[in-house]
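In the two assemblies presented below, chain A is common to both, partnered first by chain B and then by chain C.
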Partner chain A sequence: MAQLDLEIRSLRKRYGGFTAVDDVSLQVGQGQFVCLLGPSGCGKTTTLRCIAGLEEPDDGEILIGGRQVTHDPPWQRDIAMMFQDFALFPHMSIARQVGFGLEMLKRPKAEIRKRVAEVLAAFEIGGLAERRPASLSGGQRQRVALARAMITEPRILLLDEPIGALDYSLRETVMLELKQVQRRSGISFIWVTHDQNEAFSLGDLVVVMNHARIEQQGTPQEILQRPRTPFVAGFVQGNNVFRGRYTAAGAGHARVGAYLLPAGGPPPAEGAEASFSIRAELLRFNPPADWPNRLAARCLTVEYFGSIRRYILQGPDGALLKLDQFGAEPATIGVGEETVLGWRAADAVLHA
Partner chain B sequence: MSTIPLRSPRAYLLALPAAAWMLTAVVAPTLLILWVSFWGGRAFSTASPLTTQNYERFLSNATYLQLVLDSLKQAALLMLLCGVLGYCIAYFLSMKLRNPRWRTALLLAFIIPFWTSALIRAIAWVPFLGVNGVINQALLWLGLADQPVEVFLYSRTGISMAQLSLYTLMASGPVMYMLAQIPPALREAAMTLKAPPLVVFWRVVFPLTLPGVVIGQVLVFLNVMADFATVATIGGNKIALLANLVLNFYEGSQIRAAAVVAVLLMLCMLAGVAAALRVVDIRRLGA
Partner chain C sequence: MHWKTRQRLVTWALGTLTIGFLLYQWLPILTLAVLSFSGPTGGTTFPMNGVSLHWYRELWAASFIGDFKPPLWRSFLLALACSGVTCVLSVASAQAMRARFAGHNAFFFLLLLGLMAPGLLVGFGFALLARLLGMEPAWNTTAFIVHVSWTLPFGFLTMLAVFNRFDVKLEEAALTLGANRFVAFRRITLPIVLPGVIGAALFGFSLSYDEFARSMFTTGPDNTLPLAVLAQLDQQLTPELYAIGTATTLTSLLVILLTTTVLWLSRRRAAAR
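And then the complex of A and B:
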């Protein structure tokens, strides 16, 4: 197997009585784009800071490029970092600041000048070389921060909510650019965000964290289609989560409450509280007669997003449900109408 | 953000009370001193003819000129000592002390002495520095000295020690303020760009605190130049600097000579501030 860019083994970090990172393990192959996704306070930023060496873990190991760096200071690690507000040095010109990393590596002056010019040109900020950060726009600062971090060609680039400070209209373009930059450079990106759109559109690997732990890691499709825990199912968009008592139903099937679904991994105890989820686009109005799972619901509201139309419905027990249809199709039911909806047993995902 | 436009009648009206106060309490007396310094003749009256003789007399006296030089040297020494010590204290309090309670406690311990007048604080040093003073007693008791060190009191060393304690905070405060303005992410960014701590300090932290350093230097310079109390009490009658000379002339009823020295003292100070402004535009701070 090829060498890993990053390996984290059972990382732990406590602040007094508060556990910020608990038993986090992660493997990042060469040139991967990894997104750490989770609500604020879930430990994603602390994990990133441990990788950078800005926080000292209480337990566990960090290997960068196969080299043990758990207790090395930041300046001895093969990383670079992009900060939330970019952390540009206000007293340095753009050229000086972008060349800072190479200067620290004691590269010859001529080489630094050449490389800075190249990198500024590559990021289309060549005209800013003599400017100070204060006179730049948000988008320009973001490019400078990226250029400054990438110029030393580190093995890993750590990004802490790197586009959170940008205008919403800029984000999509910047995301696309960053993804291309990452592919071309072959540098592994570890990108921390609380925005699932960022995580799922960018990440080769998405790591969902909650309460200091990793809830699930996998490709965007794995996480979206097969959430492993009720937290992940609830956190990512488009899932309907059901809870109920678990009973085996034979032939690889089980029931949670009244609903039939595939038994999944290690089965919960008979009669134990369990949960499962079903994606909004897999629900169907007026399902075929042979679909085992069905319930009556009343339409509360319809949201139209262009590519999809989302119905928010209320089930008999008062719980809210969402059902997605292609936006190009005409609306099936209107607000206030009663209907029956259902789903195939095979589409439901039992949670651990 | 101000809602009153700059340079509007209302803005000038707002500035009026302060301007009136400054005019009567600062500008008018200063002009008076300047005027008196040019008074000639034998009678001390507003009818005196104007002359430059007072200045000529002062500037032709080598002892007086030496005094100007001594004052500047003393100020330079204190700027260096207070600057270094003050920066270290500011750095320690802002960066190294994580516990906010300890920080407040130490800061208070630092500031409270300043609630008393400079004269009292200067006098308070006498029992410390004397031959039988606290410092000598401690040195003898610790066996670090065989006999009392006489150089502490009534000496330039003693003056410098006292002034160092009096004015370090002035060098420290502005630096502390500037350090607090530096986002921690800047130092972290430098570290992730392979800068070890000393380089982070020299290339990122220090340049960003430079305005604070310069303001501190100006404050120390102005205070040392104007300090007659410490010099008089700790230096005894053996040592005098420019500010003491003003007092001596005044007490000797040589008002015109006192005015000359006061004007020269002010010129030195203005030159110092002008030099500082060339390095950092203090007026732009906090903007």
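And then the complex of A and C:
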């Protein structure tokens, strides 16, 4: 079996009476791009800081490259970290702080100078070598922070909302660059973010956290198409979540409330409260007669994003529904119009 | 009137007030400085009787009144020691406060109590305690300890304010880049809070240098400068005392100027690196 870059076993961290991280376990293979995704306060940053050694876990184990590091200080772990506001050293020139990691490894001066020049050139910031952080733009700072963290080629790079401080227009370019840098370097990235666009476009593995626990981990496709819990379904974009009583319906099917769907994994108790979700792009106006799930709705508003057109509708019980259509097609209904929409039983996903 | 115009007027008024305050602060010293240059027959009030360096020569030769050079030297050494100790202790105590240890609030108030306590009584109390412990009061033992209890809160508050603005992430970044805690402190924390450290050092120096109340009962037979000056004032007032006031003020200004220049130069050199 190939060695894991990172393994976390039942990590737990409490602050007084508040549990910040609860029973978090995670395995990261070599050179993987992992995104920890969740709302603020969900424990993703605390998990990251535990991996860095900046926080002391109350329970659990952390292994980096197969080596037990749970009680090692940050400077003895094979990691580097990039902070949200970059934490550049204000009193050091760019060349000096990019070389800081090598200096700590006691590499010869000539080698440091050479490596710093190479790395600065690779990140296209060679011209900034003698400058101070204060005189740099946000994008330049981000490159300096990345260069500083990657120069020692650590096994794992920890990134705490690394592009949250950048202008929105810059983010897409930076994300693409970072993904390429990560692939080339073979360094595992653990990327903390509350932005699902970042997580789903970057992560090989996305770990959704809420209330100190991992709700679900998987590829972006798994999480988007098969949300395991009502939280994940509600947190990621484009899901319609329904709740109701669970009843078995035979032939591998079940009902939640009035709606038919595949029975799913270990079935809930008969009559128990359950929930399922259906993606907005799988709803259809005026569904074929043989689709079992249908309901009447009124269109409240239509949002147009170019690639998709999203209808926000209100069902008979007052709940809001989302229906996505391919943006290149003309609009089907207008605001205020009544319609019927439906979905196939097979497309609905029962939650645990 | 537009509010911008009114704002300009307020700015002018505040500026005038500032200049008024500076005059109020410096005119008494300036008066002494001018009178210190009066002639050999000059008195201690205006009008001046001639202009000369006579009183400075007298001061140096110590022919007419007591010799001020030993007290001056003692005060200087004492202030220097207070400055150094204040520096180290205030950085250490402010660092300790950052860790929010149990009872840090009580610690904070106890340390600040040094500011509130009446100096004369603190000195007297400490002298009594020292006697009880079999310690003879002297400028470089008892007086030194009491001075530090006075200068430390100032240094501590300075460092506390500086550390409040300090971004802990900078230290953490250094740790994740392979620096241990000592290296992170030396390479990252200390350079960034250095202006505050120098401020604490200056507080330590100047507060000790002219301290009278706390020195009164704790200094023993060998006087510090403020005590020597007051003793002389009790006997006879001559422009020589003005000369000594002027000389020490100039020395203090020089020390501050020197420190800031050194700091500025070292920053520029670091920037060029």
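Everything below uses one rule, namely that the second predicted complex is superposed on the first by the 352 of 352 C-alpha atoms of A that agree within 3 Å, B and C clash if a C-alpha of one lies under 4 Å from a C-alpha of the other, contacts with A are read in each partner's own complex, and residues count from 1 in each chain.
Everything that follows uses one rule, which is that a residue touches a chain if its C-beta (ideal position, glycine included) is under 8 Å from a C-beta of that chain, and two chains touch if they have at least 3 such contacts.
Remember, it's a predicted structure, so these values are computed and weren't measured experimentally.
Partners chain B and chain C, once the complexes are superposed on chain A, run into each other and clash.
When the two structures are aligned on the shared chain, A:83 is found in touch with chain B and with chain C. In the superposed pair of complexes, A:74 makes contact with chain B and with chain C alike.
Once the two complexes are overlaid on the shared chain, A:104 sits against chain B and chain C alike.
In the superposed model, A:350 makes contact with neither chain B nor chain C. Looking at the shared chain after the overlay, A:93 reaches chain C, while chain B stays out of its contact range. When the shared chain is aligned, no partner comes close enough to touch A:116: not chain B, not chain C. Overlap of the chain B and chain C interfaces on chain A: residues 52-54, 73-75, 79-81, 83, 85, 87-91, 100-101, 104-105, 148-149, 152, 158. Contact residues on chain C toward chain A in their complex (touch as defined above): 167, 169-170, 172-181, 183, 187-188, 191-192, 270-271, 273.
On the side of chain A, the complex with chain C involves touching residues 52-54, 73-75, 79-81, 83, 85, 87-91, 93, 96, 100-101, 104-105, 132, 148-149, 152, 158.
Against chain B, in their complex, chain A makes its touches with residues 52-54, 73-75, 77, 79-81, 83-85, 87-91, 100-101, 104-105, 148-149, 152, 158.
Those residues of chain B whose C-beta lies close enough to touch chain A in the complex are 183, 185-186, 188-196, 199, 203-204, 207-208.
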